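All chains are identified by letter, namely A, B, C and D, in their written order; residue positions are counted from 1 within each chain.
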Amino acid sequence: MIIIMKPDATKEQIGLVAEKLKKHGFGVHLSPGAERTVIGAIGDKSAIQLESIQMMPGVSEIVPIRKPYKLVSREFQKADTIVELAGGVRIGAGQKIAVMAGPCSVEGEREFMEAAEAVKQAGANVLRGGAFKPRTSPYAFQGLGEQGLKFMAKARERTGLPFVTEVMDTRDVELVAKYADMLQIGARNMANFNLLKEVGKTKKPILLKRGPGSTIQEWLMSAEYVLSEGNKQVVLCERGIRTFETATRNTLDLNAVPVVKKLTHLPIIVDPSHGTGEWDLVPAMARAGLAAGADGLMIEVHPRPDEAMSDGAQSLKPDTFQKLMAELKAVAAAVGRRL
Amino acid sequence: MIIIMKPDATKEQIGLVAEKLKKHGFGVHLSPGAERTVIGAIGDKSAIQLESIQMMPGVSEIVPIRKPYKLVSREFQKADTIVELAGGVRIGAGQKIAVMAGPCSVEGEREFMEAAEAVKQAGANVLRGGAFKPRTSPYAFQGLGEQGLKFMAKARERTGLPFVTEVMDTRDVELVAKYADMLQIGARNMANFNLLKEVGKTKKPILLKRGPGSTIQEWLMSAEYVLSEGNKQVVLCERGIRTFETATRNTLDLNAVPVVKKLTHLPIIVDPSHGTGEWDLVPAMARAGLAAGADGLMIEVHPRPDEAMSDGAQSLKPDTFQKLMAELKAVAAAVGRRL
Amino acid sequence: MIIIMKPDATKEQIGLVAEKLKKHGFGVHLSPGAERTVIGAIGDKSAIQLESIQMMPGVSEIVPIRKPYKLVSREFQKADTIVELAGGVRIGAGQKIAVMAGPCSVEGEREFMEAAEAVKQAGANVLRGGAFKPRTSPYAFQGLGEQGLKFMAKARERTGLPFVTEVMDTRDVELVAKYADMLQIGARNMANFNLLKEVGKTKKPILLKRGPGSTIQEWLMSAEYVLSEGNKQVVLCERGIRTFETATRNTLDLNAVPVVKKLTHLPIIVDPSHGTGEWDLVPAMARAGLAAGADGLMIEVHPRPDEAMSDGAQSLKPDTFQKLMAELKAVAAAVGRRL
Amino acid sequence: MIIIMKPDATKEQIGLVAEKLKKHGFGVHLSPGAERTVIGAIGDKSAIQLESIQMMPGVSEIVPIRKPYKLVSREFQKADTIVELAGGVRIGAGQKIAVMAGPCSVEGEREFMEAAEAVKQAGANVLRGGAFKPRTSPYAFQGLGEQGLKFMAKARERTGLPFVTEVMDTRDVELVAKYADMLQIGARNMANFNLLKEVGKTKKPILLKRGPGSTIQEWLMSAEYVLSEGNKQVVLCERGIRTFETATRNTLDLNAVPVVKKLTHLPIIVDPSHGTGEWDLVPAMARAGLAAGADGLMIEVHPRPDEAMSDGAQSLKPDTFQKLMAELKAVAAAVGRRL
């Protein structure tokens, strides 16, 4: 890291900073300038609290020159990670585009089966559905719990498609992992570090949604939590951030796709349903997501959105979804991918 | 709620919406206008999925006319809630200003005791310290766990001051509640609904921090989760939101103070340490928080900030804190409160 | 509009609101409910200050049911507007994709000519370049002024391509209009209403960039200013908004493309250069913009970005641009457009 | 500045960067580290385009170590600037708190006089009112123009108080300066650089509002435009920024007060009326603004807010204003100032 001293820092102050850095094992290079001195410190940043330097007299600013994450970084691993799900689904660079589709909540066995068959027929290769639902209101439908997991397992049996579902509580990780092919960490839990550690201890592929108030760097730090526990099967999912714009429920940040591709070897998919909150914006943003380079999409599909127990307004009907799949096929081909 | 129909909605479409509302127990009033029809629906909104109406043909927009929260609202309870902690500390309108102070993390018995005695001497009436720490990096100090709770309990014994500390995991609620006088839900866990339910089942006072990406309405909905489990002893804590401004770590949103006072009967305190991220901005924003009408403050104080294991840059030294307390006394008096 | 009264509004208060509305020519419908009364008011909203109703005793909330803009709205004009530039370039739905390319600033005659020929050869159909530059620093290069306009006019002569350039000052509108084929209102001037009126009085096509801190609705209101002066040749340009994310210079908001297509008949193009601020993110976001449905792109191209006097870091070299054009051709075809 | 090279930068690349810097007059210091080389460059940053270095092969990042502004910085001038208005009003550190009050728009002679006398009686020392109004809608009241300036001049004569009013167009600067005691640059024009230059050429004190989408650094750069033209009489005005929070019209960012005090010698005042958009939040935020250290306040007061032609909802009635002034007197005293 670089420590920039104040213009009026004294020699003694500079000396104390250099000394402290050396004491913690850093190699230290002084660059005395006409206006101010700059100190280069080479070593393991985690060996020291940055604040303890920041607060020393004469210090103006500290500039870290290494990223705070390690295992998830491109510098650590150049080759793209490919995440493998049951049923032969492979997610990542160069692979077939993953399309995860289904209703927001699992509402009943018959309803979910109907949705599962519809999305399979349209060409989706992963089922999605919620058994444990994080709802803003304590009075809203909270999901069917284990019963929902069972219905999804049945649909998997029938369709042959693996399924992804959210886990919200450290106490439920074992239970959800027993049924699901992929564990989703929802946007609200992106920084629930204990939950990240817990899913990091499983062998299941993880779908890590970006928190709506989180930077890309914080998102990668959350992925680092999972990898640091030994689980390297992580797929990132951009699903919209919080901005001042109210025309859409969230602002789907597609810029994250090429940025993430530069910074990490992990795959990234895009969720235009939560990202926009309105079904009639979903097709445009799904196409755009693929064109930006995403490795997959997560799309809410419901046989009768006007009867959905959650997120109906952003769900596609099966026929709209089928039409979209045809469009996506063309866009995927245009960017050298296939659906 | 109000359902606004599109200008070209047909009579039949209007009829179908009205019928569906009646079927769910709503009283329905049609207001046919020159340009479009407006439907007033009086009844229990939770009886129906808004989306199921939203998606009906001819519907343009739905306007809820009631707040989504109930128990926390001023309309439900006009009188200000006073939250009582051990040691006779009462937090809320008209009470003595609560000042919760101490280091970010509990780092050791001796260190915490030193801090506790310093803040007590300066006039703080609640101790704060972290035993379970949510850290962005998996490689950073994660807190002392139960050992940290024990150190805080000892400091309480010595100083007579109750203490507040964060609980991050549903599995730890019982443990933390065994020691602490007040359970803190940290900003990152504001929408961890299972955790909210769990602390709602305890009898302990709760300190609910606002999520940095959360609206005031969402924050109140999180409080509703706690109250809906039977625990009405909730204090809100504004600690800064995420904005584009980078001059401060967060943007402490003091506007939230008078807004919250209008919307709810719950007390609100302000955390200028996390809110700004820089110790030399803390005094100004602490004074401003009181002048805005806050019922208390949470301030990080560390005997040697440059040795702190977390958040040193935003911690006050004991002497700066003592000086600040004198200033706060004057501001509190100016707005009819006392410290 | 809908006026929602407070639950405890008295009959007299309701009567006074109704009376005031009638006095201003509104048709009034009362919907007395179990809990509160709702008043529907049909008429010309501009006949009254909303605040004058908002502040009457007993009033809880006012809900406008019409958009604040008129001439730009899809409801006012269903058919897509096609904007025509010199040289036979037509911008809008169903037309060939417009690609406006060139350096950020016009730096000299030779330099601009070189860039113009390069982008023409790659297939761009409109030249772009800045003669009047809005720079954050008063000490930075401010543009060549009229000299720059002359250089662009020469390049137009040579290449046959029309050019677009920014006008920043009401006093310069006449001058810039004398040379340019299209007048650009820059992001910082989106709400410079006098400037909008001034360009609205010209017959020139206008390129209206979105302000980085502006909602889509405010952007459309700015377009309304231009149309209300009689100039209907307006193209919108999404160029990124201000968010908390720092990985990109701005957050290019592609959601705006389908939203704008719903709300207005005006064409929309996307500027991935300013939208991301980094040249290596430009290709992905350019492709995504087309896939989202944009009618065109604005891309910064500089023969030697490392010598550019502004925005070099976000400029493509001619060969990268040429490669991108081939990719864009494929994406355009995939969504039923041509380049 | 500091140039951080990539870990795999070659010796040749490092040499080329150093050479280029030297050619532009920089003193260059190399710090070869175990992992990467860091180059310190001492000299006049404006002598070179940062991008031209940024884009050289092997360069990872550039860290400026000097602020981009100069004349406005505390480092350039340590002593607080005091801005003097006609009538003996002095604004700045240690001075009497400036209270600028009056209606949003000047609506008529009688109306403005009434407001002026009311705010004077309550203790305001500067009048405010708009003659040229930037309105979101082209169909809304746009102000009385010169007639409005004349009414304000009459009110000045009657009350003895100087007045501040907005100028929106470079073509109007001379006219407005003929009448007004202080020229206001509105939030929407904060980055209208030509307007900034134009007011910088006058001798009038300038009130520079912060743009709602602008960082503090950009705001100070706008002030630098004014100072660089020779006009040092600039007062900054915080009036709320754009965030995701919708409970208030803007998010009044009081953190800006202590931050600005650190970075610049210019005075800063706070506008809680625009900052919150709701009259009943104004008193709390006005008090908080003073407690945070502001040198003044700008408050909208209207004799009959429900008849105001703009911003009625955020205007105080004279009696509420009078009550607030008493509260402010107490808060000012508590922080060592006087009203």
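As a convention for this text, a contact is a pair of C-beta atoms (placed from the backbone, for glycine too) under 8 Å apart; a residue touches a chain by one contact, two chains touch by 3 or more.
In this text the structure is predicted, and so the values were computed from the model without any measurement.
The set of chains touching chain C and also touching chain D is given as A, B. Summarising the inter-chain layout, the chain whose CA centre lies farthest from the centre of chain C is B. Remark: chain B and chain D have CA centroids separated by 31 Å (rounded to whole angstrom). Between the CA-based centres of chain B and chain C the separation comes to 39 Å, rounded to the whole angstrom. If each chain is reduced to the centroid of its CA atoms, chain A and chain B end up 26 Å from each other.
In chain C, the positions touching at least two other chains are 213, 242-244, 246.
Residues of chain A that touch chain D in their complex: 2, 4, 7, 27, 29, 31-36, 38, 40, 42, 60-61, 63, 65-66, 75, 242-244, 246. For chain B in complex with chain A, the residues that touch the partner chain are 46, 49, 51-56, 68-69, 134-140, 168-171, 188-189, 191-194, 197, 211-214, 218, 221, 224-225, 228-229, 242, 305-313.
Across the complex, chain C meets chain A through its residues 213, 215-217, 241-248, 251-259, 262, 275-276, 280-281, 284-285, 287-293, 327, 330-331, 333-335.
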